[in-house]
Amino acid sequence: MFVYEKKLQYPVRIKNPNPRLASYIISQYGGPNGELGASLRYLSQRFSMPYPELKGLLTDIGTEELGHLEMIGTIIYQLTRNLSMDEIKKSGFAPYFVDHTTGVYPVAASGAPWNAISMAVSGDMIADLNEDLAAEQKARAVYDNILRLSDDPDVTDVIRFLREREVVHFQRFGEGLRLATERLDQKNIYAFNPSFDK
Amino acid sequence: MFVYEKKLQYPVRIKNPNPRLASYIISQYGGPNGELGASLRYLSQRFSMPYPELKGLLTDIGTEELGHLEMIGTIIYQLTRNLSMDEIKKSGFAPYFVDHTTGVYPVAASGAPWNAISMAVSGDMIADLNEDLAAEQKARAVYDNILRLSDDPDVTDVIRFLREREVVHFQRFGEGLRLATERLDQKNIYAFNPSFDK
Amino acid sequence: MFVYEKKLQYPVRIKNPNPRLASYIISQYGGPNGELGASLRYLSQRFSMPYPELKGLLTDIGTEELGHLEMIGTIIYQLTRNLSMDEIKKSGFAPYFVDHTTGVYPVAASGAPWNAISMAVSGDMIADLNEDLAAEQKARAVYDNILRLSDDPDVTDVIRFLREREVVHFQRFGEGLRLATERLDQKNIYAFNPSFDK
Amino acid sequence: MFVYEKKLQYPVRIKNPNPRLASYIISQYGGPNGELGASLRYLSQRFSMPYPELKGLLTDIGTEELGHLEMIGTIIYQLTRNLSMDEIKKSGFAPYFVDHTTGVYPVAASGAPWNAISMAVSGDMIADLNEDLAAEQKARAVYDNILRLSDDPDVTDVIRFLREREVVHFQRFGEGLRLATERLDQKNIYAFNPSFDK
Amino acid sequence: MFVYEKKLQYPVRIKNPNPRLASYIISQYGGPNGELGASLRYLSQRFSMPYPELKGLLTDIGTEELGHLEMIGTIIYQLTRNLSMDEIKKSGFAPYFVDHTTGVYPVAASGAPWNAISMAVSGDMIADLNEDLAAEQKARAVYDNILRLSDDPDVTDVIRFLREREVVHFQRFGEGLRLATERLDQKNIYAFNPSFDK
Amino acid sequence: MFVYEKKLQYPVRIKNPNPRLASYIISQYGGPNGELGASLRYLSQRFSMPYPELKGLLTDIGTEELGHLEMIGTIIYQLTRNLSMDEIKKSGFAPYFVDHTTGVYPVAASGAPWNAISMAVSGDMIADLNEDLAAEQKARAVYDNILRLSDDPDVTDVIRFLREREVVHFQRFGEGLRLATERLDQKNIYAFNPSFDK
C-alpha cells in the first residue's frame, strides 16, 4: 500500500502563469512517454518479475514516478492559475479549457487522452526490462524537448531535476538487466522465462 | 510524494489458481470502472479542487485506491500462478496470455486497454464530485458482479472488503458535495466555479 | 422508433462565421461530455432500467438530447459557412478542415474522436442514475466554459438555453434516483439489483 | 428535433434467452459497422450536404437507423433476460457481464467500445456518399454473418428485415450519388466541392 | 515479400521549411483517410479476396500506397528540417514536437494517432471493394483540402501527383467491383460470399 | 518505394484449419507487439535518423517486417480456410467472424484494433534505438507464447523462423546503438540530439 507524504519530491514554485507552456508539459502527465505511464508500467510489471531485487527495483522507481506525476500536475496547476479569459484564448489553451477548465487531466500535448496501449507488460523479464530502458529514454527525450520550449527558469529548474532522475533510472534498469541475464541459461538467453516457466 | 509500505491494505491469500476468474477480476485493474481510474481520477482532480477539506478528501481516497489497485494486481497474480498450458487453453485466458504471459496489465475484462476517456476532470467542483459519486457506484456494481461470478471464498472475502470501501467512499464524497454546495451562492448553485472564478 | 420533425427545439440563427468558436463548441457534439454521449447513454440504459417511470425518463431525456445534438451540429455548420481559406488558416480550424472540410464530425475540442468509453451502462439502476447525474453536471460545466469563451450573442443565447436544459435534467434524474432508492430494500440499498436479480 | 414513437419499426419477440448470440449481435449496436455508426454518420453528414434532396435522404435514413439501433438493443435485452449465473459463465457472456451486467452498451463483438474513427464525415459530397454506400455493404455483410451464426427463428426473422433495409438504403444512396454527380461539372467530377466552394 | 528500391515514386524536393503545413499534411501519413490506412487496408483484404485478378489489384495498389506513405513521410521530413525553436513555437508545431521532435509519426492533423478502426476488412468481396472506393474518395478529398491550404509550389506539385493516383485507383476499384458482381449470382448479388461460402 | 515479390520470405503450408490458434496468432498481425507495429515503427523512424548506416538499418529491417506481416497474414488465412459454422462457433472465433468473416484484420488477440499509440517515434536517435530493442524483445516474447500454445508443427516451424529473425534484429539494433553512442559527445551522451540539433 501507499502512504501520501504532504510534500513534493522537489519543490515547484512558479511565479508566472503560462498556459501555452502548460499545454506542452502536460504530455509528461498523460502523454505516451509521461510519468503516468512510467509509474503504472513499473508498478504493474513487478507482480510477475521473478527475482526480489528486480521486484524491489520496479517498486522503488514506480513509487518515485508517482511523485513525479504529482510534480508535473503541480507545474500544470501553477502555470494555469489566475488566468484571464483573454490569456486562455490567445495561448492555444482554449481547446483544453472547454472540457477541463483548469483542472489537470491525463492527456498528451497533442490532445489524445492517455491510453494503456502506450505501455507494455509482457510477463517476460528480459522484454519488460528492455521496455523500461526504452521508456526512460523516451521520457528523457521529452524532457529535452520541454527544456528547448521553456524560457521560464522556475519551470526549467524542475524539469532539469526530473530529466536527471530519468537518466538515473535508465542506469538502474541497465543494472537490473545485467542481473537478470546473469541468472539465465548462458547458451540461450531467452529459452527460459523465469516469470512463467518452472 | 508517495511512500510504499510493504504490506497490503487487506491480506490476499488465494490457494487455487483460476485464470478464468482472473480474466474477470482484471476489470477492476484496468477496466472503465476499476481502481486505476478511481485513483487517477481523484489524484488528478485534487489540484483544482478549491477547499482544503476537499483536496484532502481526494488525496486520501486516491491514495487508498492506489493500494486497492495493488490488491487487485495481487489477486490476478495469485490466480494465475503455476498454470499449465492446458489450464490456459481451457480457461479462455489464452488471448490475454499471448501478449502478457501471466503479467498484470491494465485491461478490462472485455480486452480493451485502460483509456483515460473513461474518467473526467472537469475543473468544476460540483461536476467533479458528482463524477466521483458515480465512479464509486459503478465500481460497487462491478464488485457485485464479481461476487456473482466468484465461487472461491479466498477471493470473495477480499472482494467484499473492497466493495465495502467503495460504499464508504461514496458516503464521504456525498459529505464532500454537501460541504461544497453550502459554500456556493445559494441562489444559483452553478453560477460561480470557485476552482476558476475569483 | 424515432420520427424526425423538421424544426429545431430552439432556433439557431448565427449571422457571423467564427471557425475558432466552432472548434470549441464541437466538444458538445463529439466531446466526452457532449450531447452524443448524453443521448446514447440514456437511450442505451433504458433497456435494463427496471421501473416504467425510469425507462420513460431515460427515453424522454435521451430523445431530447438527440435534438440538442442537432442544435449543436447546426451551430457548427452556421459558424463555418462561407469561410475563406485565409480565415481557416488564421483561426486554428485548419487541422480539422484537412480531414472534414466544413462537415460536422463527432470530435472533442482537443481533436479526439468520440469514444464510447466516455459513457457507462452498468446494468445497475443506482449506478446508472448516478452516472446520469454526473453526466448532466459535466455537460453543464462545459456549457459554462463555452459561455466564458463566446462573445457572439447569437451563440450565447442558444448555449444558455442548452445549459438550462442540463440543469433541468439533473433535477429530473435526482427525482428518479429518489424514486429508485425508495423501492429498494431500506437496510442495504445495494443488496439487490432489480435490473438483474429476481 | 426527434420525436419518440413507442413502438418498434418491426416487432421483436424472442422467447429464449441466448447470451452467446447476444454477444455476437451486439456488434450491430456498437461495432464498427453497426447501427450507431450508421445513424450518426448520416445525421452528421447532412449538415454540409449541398442539395435538399440529399440532405433529406440522409435525414430519412439516419432517423430510420436510430430505430434500428433500438431494435438491436431490444434483441440484446430480450436475449439476456432471466439468465442464471450458470448460463452467463458457460456462454462466454461473463467478460461483458462484469462491467455491464445485462445492460446494453455500444461495443463490438470483439469487446472494443464504439469509436467515431470508424465513420467518416469528409465535408465532400462525393466522398461522403461513397462512404455511405460502403457502410451499407459492411452492415449487410455483418447481418449475413449473424444469419450464419443464429439458429433462433425469432432472431433470424428480425435480422432478415434489418438486412433487407440495408440493401434498400444502398440502392437509395446509389441514386443519391447519381444525382450528385449529374450536378457537377462533367469534365472533372471532383474539381468543385459544392459543400464548400461557391 | 517486399523489396525496397531506393528512390521515391515521384521526386520530393522542398526548399523551404514550413512546420505548419507539415502539421496538416501529416494527416495523409497517419490520419483516418491517409496512406497508411490505404496500404494496410488493401494488403490485408487481399488474403480473403476470391479471384486472382482482384487479389492482384489489391496487392498492386497496396504496394504503391506504401510508396506514397514514404513520399508523405519525406514531405514531412523536408518541411521540418533545420527549424529554429522560434519557428516551432510560432507555427503550432510545438504540441507535436514535444513527443516526436521532428520525427515522422503516424498521426492525424487533429493529433489523434492512427487507429485500425478507421479501416475495414469485412471478408466479403462486395463490401470490401465498396470500402476501397470510399477510401479513395476520402483520400482524394483530403488532398483537395491540402491543395487549398498549401501555397508552396514544391509541395503542391507532389500533392497533385498523389491526388491523381487516388483518382486512378478509384477507377480501378470500380472496374474490380464490376468484375466481382459479374461473377456472382445475378438474382441476388449478396446471397453468396465467394470469400467464405463454397 | 517498394516492390512486391510474389513469394513469402519463408514458406507457409498449413494443412489443418484451426481458428482458435488463428485467433491467438493474429496478435502478431495487429497486436501491440506485432509485425505491423514493427514495420511501421522502423520505416517511420528512419526519416529523422541522422547517420546513413542507421537509416539503412531501419529501412532493411522495416522492409523485412513487411514481409513478416505478410507471412502472419498467410498463416491466419490458411488456418481459417474451409471452416464450417460449427467449427467457428466452437472455437471462440465467432466474435471476430461477425465483423470480419475470415478476412485478415489488424487486431490483437484481445480484440483491440491496432493503435499507433503502441509504437513510438521520438525523433531522438538514442530513444528510438532503445524503443526498437524493446520492440524486438516484446515480439520475441509473444512468439515464445505462441510456441507454447501451438501444437501444429506446420505452424510451429514458421513461428520459429520468425522468432529467430527477431533475435537477429535485436542484435543488429544493439550494434546500431553502439555505433550511435560512439558518435556522440562522450561526456554527456544525451546532451546533443543529432536528429535535431546542428
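Residue numbering begins at 1 within each chain, and the chains themselves are lettered A, B, C, D, E and F in the order written.
Everything below uses one rule, namely that contacts are C-beta pairs under 8 Å (C-beta built on N, C-alpha and C of every residue); 3 or more make two chains touch, one makes a residue touch a chain.
Predicted model, so just to flag it, every value in this text is computed and none were measured.
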Contact-richer chain pair [B-C vs A-C]: B-C
Computed distance of Cα centres, chain B from chain A, in Å: 21
Chain C and chain F, separation of their C-alpha mean positions in angstrom: 40
Geometric centre distance via CA averages, chain F-chain B, whole Å: 33
Residues of chain C whose C-beta touches two or more other chains: 32-33, 92, 99, 101, 107, 110-113, 115, 117, 120, 122-124, 141-142, 193
Graph class of chain-chain contacts, one of line, ring, star, complete, other: other
Every chain pair in contact, whichever chains are involved: A-B, A-C, A-E, A-F, B-C, B-D, B-F, C-D, C-E, D-E, D-F, E-F
Chain F partner contacts - residues on chain A that touch it in the complex: 32-33, 112, 115, 117-118, 120, 122-124, 126-127, 130-131, 133-134, 137-138, 140-142, 144, 167, 190, 193
Complex contacts: residues of chain B adjacent to chain D: 23-24, 27, 31-33, 92, 108-112, 141-142, 145-146, 148-149
Chain E residues within the chain A interface of the complex: 85, 88-89, 92, 94-99, 101, 107, 110-113
Footprint of chain C on chain D - complex, ascending: 1-5, 7-9, 30, 36, 40, 43-45, 47-48, 59-60, 63-64, 66-67, 69-70, 73-74, 76-77, 82, 99-107, 113-117, 120-124, 128, 193, 195-196, 198
